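In order of appearance the chains are A, B, C and D, and numbering begins at 1 in each one.
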Amino acid sequence: MHETSTISAEEVPNNISQRLLDKYNEVRNHTLTICAPLRTEDFVVQPIVDVSPPKWHMAHTTWFFEEFFLSPHYKNYKRFHPRYAFLFNSYYETVGERVLRPNRGNMSRPTVDEIVEYRKYVDAHMREIIPTLSNELLKLLELGLNHEQQHQELLLTDIKYILGHNPLFPPYDESFSEVLDSERSSDFVAINVGIYEVGHEGDDFNFDNERNRHKVYLQAFEIQKRLVTNEEFMRFIDAGAYQASKYWHSDGWAWVKENDIYAPLYWHKIEGKWYRYAMAGLEVIDPNAPVTHVSMYEAFAYAEWAGMRLPTEFEWEVASEHFQWGERWEHTNSAYLPYPGFQKADGAIGEYNGKFMVNQMVLRGASVATPVGHSRPTYRNFFQPNLRWQFTGIRLCKR
Amino acid sequence: MHETSTISAEEVPNNISQRLLDKYNEVRNHTLTICAPLRTEDFVVQPIVDVSPPKWHMAHTTWFFEEFFLSPHYKNYKRFHPRYAFLFNSYYETVGERVLRPNRGNMSRPTVDEIVEYRKYVDAHMREIIPTLSNELLKLLELGLNHEQQHQELLLTDIKYILGHNPLFPPYDESFSEVLDSERSSDFVAINVGIYEVGHEGDDFNFDNERNRHKVYLQAFEIQKRLVTNEEFMRFIDAGAYQASKYWHSDGWAWVKENDIYAPLYWHKIEGKWYRYAMAGLEVIDPNAPVTHVSMYEAFAYAEWAGMRLPTEFEWEVASEHFQWGERWEHTNSAYLPYPGFQKADGAIGEYNGKFMVNQMVLRGASVATPVGHSRPTYRNFFQPNLRWQFTGIRLCKR
Amino acid sequence: MHETSTISAEEVPNNISQRLLDKYNEVRNHTLTICAPLRTEDFVVQPIVDVSPPKWHMAHTTWFFEEFFLSPHYKNYKRFHPRYAFLFNSYYETVGERVLRPNRGNMSRPTVDEIVEYRKYVDAHMREIIPTLSNELLKLLELGLNHEQQHQELLLTDIKYILGHNPLFPPYDESFSEVLDSERSSDFVAINVGIYEVGHEGDDFNFDNERNRHKVYLQAFEIQKRLVTNEEFMRFIDAGAYQASKYWHSDGWAWVKENDIYAPLYWHKIEGKWYRYAMAGLEVIDPNAPVTHVSMYEAFAYAEWAGMRLPTEFEWEVASEHFQWGERWEHTNSAYLPYPGFQKADGAIGEYNGKFMVNQMVLRGASVATPVGHSRPTYRNFFQPNLRWQFTGIRLCKR
Amino acid sequence: MHETSTISAEEVPNNISQRLLDKYNEVRNHTLTICAPLRTEDFVVQPIVDVSPPKWHMAHTTWFFEEFFLSPHYKNYKRFHPRYAFLFNSYYETVGERVLRPNRGNMSRPTVDEIVEYRKYVDAHMREIIPTLSNELLKLLELGLNHEQQHQELLLTDIKYILGHNPLFPPYDESFSEVLDSERSSDFVAINVGIYEVGHEGDDFNFDNERNRHKVYLQAFEIQKRLVTNEEFMRFIDAGAYQASKYWHSDGWAWVKENDIYAPLYWHKIEGKWYRYAMAGLEVIDPNAPVTHVSMYEAFAYAEWAGMRLPTEFEWEVASEHFQWGERWEHTNSAYLPYPGFQKADGAIGEYNGKFMVNQMVLRGASVATPVGHSRPTYRNFFQPNLRWQFTGIRLCKR
């Protein structure tokens, strides 16, 4: 994703540098904080293609700064290692060949210690260069920091997958709560028919896929104040909805059949009682907490079963000032497509968002794994409709 | 897909019955006319999962009438064969188990002659029952006839695939022209910003996915009067665009690489010259004809390369009265999703459209293979973005 | 497979030509006789990769004569069709590119009628050329006829697969018996320890894989006079042996699990009773008939369960004059490997047998589908250990 | 594999216990010695299904002693961890469910430190129990130690795969030599026709697949004193043999095509010069060293190209006293099948060898990775014909 108008014209350049240097330090440290509870072995594995090894996230986010700042702009910069660009490029076709995603978990080297050294090396050089950057590069720096924040969320969800699929179910952090102190009202908010504006406008940081701000015409609708709960979802299970094709998309039904899906990810029925793996370890399911780790297919089927529907991303955005959000990424029934006037940036940065605008669905909001301050009402997250390892949830609309 | 308000309240019931009986005879005969040039062997094969054997189409469309009219409503009806419902159900999960799609081409029996007998048997009974049907069932009958028309287009495209992938390249019909006498102006039509209405309204036949008619807000845009030509597309090929990731969706690029795509379907370079397989046989490519048999991925990449974009389905619909259409199904950059107020019908008929509303893209217009009178400006066709065996084409928008 | 010393030095050349011309006419006609009960559609399909469409067999055996006799040796021969060599070459890498085996069932053209014309055309030319052939080419001719006989057996087993996997279970020929009037004694024959000779010697036709005749040292063993019966095999099923890993090879167990194997091919349990599809149609299983259509994995597991073992191919050959054989191809516990002194012929004919001498197991004897006179005690048939569509059976050895 | 007659009747029981206790200590320590050069991350990954993570080998060999000695025979034994039996069972179906082989590399826990603790815990208990074991269990103990020795060889080959497929090519141990000081004569040894005895006899340890010792009849043959060298194999490459189907098995040719095989495993052509990854790191290829890491398919094709053949396992065994062996596992043209009189043991130990006796080929000798004293002339190693990650080599026979 690339930014546009992050830095207001009025801000004094030195202040910007200082602010971003502070943010740089904070963001870079936070990645290490997330990794602190891990054992060395946890950094290495990749149980499914969507999950990356934690040490890969640590190195890839560092490569971003080396590739786009130090290598082109730091005079006489010597790369930490000549092969790391090959190892830690994620998907930028423009920047050259790379380790294919399914092979990341086969790479025992470099070691975690070596990657920590890599981070220190790049950080030291970045701290030197940040005060000298042009406004254009400061914008790119803010993108790099938002990029690392996105990987911080993936780090948490990937760690959860790695530990939650280990037969020993080791906790990540027993003090990690997956629930916020949110309003739990089942009331619906009514929104009137009319023209609304959606998309981002203004000087604060945002991604290219949130622009341009534009008018949309919405029909009247009602949207629920809280997310669907575990208790409600258990009723869906008990009603046999995982065995009833009529609630599902055709592709969703094929996915259920092929993968023997019968409950959300991380749910286990042990001696007749439902448990789930949480960041704090295996726990009895809390009926009042929002259901989590459901795919878009499951969210859609739940809504069908409940006689309601998922909101579109525009309905969600318009209604978002009327309810609390941020506990789960909320499935919408909108495909991830460009806004009017969308323009890809030139070069590798242009690969950030645009090339993914097919075959994925939009999620809105944020989750307990999202870094504080990273999201906003216009933020567009996106995944394939079968994926479940993010902290996803369901908010219902009335037809 | 299911219809709603096909039959106007004012029409005298007897007239309706008579009109639909005439249409029944005409549609049922047209299927046989399409199959007339085939050899018996051509009716049997299924070279890829998306293509069905012609004899399967002949039987499946017949099964539809047996399943939804004769079996429930014709007194003491005796099915032509007790196993045909199993063999010729396509995807209606509600109606029971069925031969899986990839196995259709393994079924040498029933023979073509037996299926022709099946058609005669069902037709004779249908002609008896049609004059007695309620208005509700007459609506369903009109759906059945539109259903058969959709399979008539698939029959042609599947036959083209079967013959066009045979190393002998046998023609289907040397008099079949794939080109209409369309306007070939490269001018663009300009449409103003504003609120427009899209979707179907009125008493004539339409599918549930075209409803409800509703308002949308569109930005100003320009759209080209003609489709992209073969000559233009050859420039795209010559420019190396099939080898340049930057023009492609990420999924599109993976598709190009995995399948070694380098030209539209049915194109062959023979001694330095481009040929294509057409219904009339192998022919030198006509530079002025519209490019055909391109996937949505290719259409998107072409537009990127040309510095333009594909229209959304709403832009297409609003602009459609300003240009000629009907020669090719036209790719849009819209995902196939429900309109506001969309409701699935109950029972098997409800599986017609709604369950496909994920992972597919909308095509608008019609093609030279579409039965006359079958399409309309609000008609929504839909396929996965990698498919190419339909008569597809590209119309460009200016950003 | 290629022959060596088929034609004895003493036979008068003219007699040889005449004898082989008669055999040519007989063999070529027999292929048509086998196909007589088929409907046109049955000639086209290929439900699994191991099964070829009947029309492919008809054309491929014809191509063999065109490729190795008419094209090189008939003066000014004009091929029936320039593309048929590409379409109907089976696996001879030396002879050029070919349609890949999994695609044979996608070829609706040439039609059956066209292939019958192809056969007539080649036969007419062959009848002219046979009287003029050198001894060397007469040997090759005898190979070509044995080759066609091998395809006659495959024709029958492939037809059985095509009709037996059709949900309508159409009979092939209601007068076709799969059982011979064989001895059914459960006694064992005892063979003493010692040196024995195995392999072929002499002037009659034989394949290169049967040579050289050589000495082997065998331990004493006992072998059963009759084959394992359906009744015995049902006891194996009832004992839960398909669910007990201990009787199976590791690969066999994986095959059972992956393919949900629970009975021989063509067996169906209908309302608590076992039926099987036979060439004469669906029938109640005859308890006294030999069990058929079992893989080598199943034969091995059966022997383990019965506390016995399969014979080696040498044990089988040495003991074969003491029991009746020819009803089923009999699984051995010998891998298909070359005999001492084995030499591949030069050129395409050298691909006949040698290149398959890995990953396959030897079957001995013959079956009810084998053309009369085609097999002999030294004949080595070979298949992968998971395959079941041949008429296979089990003969036990005592340890 | 299970032993039979390892312990001679005359040996005083106490002496046996003491000898095996010493061997236990030595073998168990040697596993740790092999792992000493590794970094923690190297213990975790599984780049292909045939390779297991080093920590899995460390734990699995330990589980063997816990499962078959401590759990059944140590009074009131408390397992180190209740889930380890599930995690570290390899393929013993009889002993219960287990982590499927392809998932071993997804298991970050238990950590290497925890597995080292597991080893210590089991070792301490084993040292207590060994002096008390019956003769029967002492035999099983010797099997357990040979089992761990087999995993020591796999540890080395798996480590080589893990490091040798890392883009950084980290050495395992720069002092590790893959070459012995062997005779390099290209002469052939001639063996006469006759009856020979093969297989194991006597009281020293051996596996069930080496028995019974039995007579075989061999034709006269000649076998080369040294292994095929890298220089000879480069000539095979330069002659285009990887592109010439005629030298290959049909399955071998398909393997070459599908996997783009053009040289032995670990070979890299860098700026026109051949290098290979060795345990000591990337190195220029030594022309006089034996070619290594070739599959049976490649060994067979090489012999075909050279106009010779591979020996059978019996030829190898009979001739083995006439040449030096032990540098590479030597491909034979023998399938892995039971010897006359072969009997599987009861229970889980019976799964050791017998169930693999299909679809694999025998290798004879030993390699630089084989623990000292582990192999012998009757030892039968076995792998699928496409595998290359063992230290394999080629010895030629003259036809």
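Following the convention adopted for this analysis, contacts are C-beta pairs under 8 Å (C-beta built on N, C-alpha and C of every residue); 3 or more make two chains touch, one makes a residue touch a chain.
From a predicted model like this one, the values you see are computed outputs, not experimental measurements.
The chains that touch both chain B and chain C are none; no such chain exists.
Chain geometry summary: the mean Cα position of chain A and that of chain C are 59 Å apart.
Per-chain CA centroids place chain A at a distance of 37 Å from chain B. Between chain A and chain D the centroid-to-centroid distance comes to 46 Å (mean Cα coordinates, whole Å).
Chain-to-chain contact here is organised cyclically: the chains close a single ring, every chain touching exactly two others. Across the complex, chain C meets chain B through its residues 39-47, 55, 83, 86-87, 99, 103, 105-112, 162-163, 165-168, 170.
Per the touch definition, chain C reaches chain D in the complex via residues 91, 93-94, 195, 214-217, 219, 245-246, 248-253, 296-297, 300, 333-335, 337-338, 340-341, 343, 350-351, 355-359, 361, 385, 399.
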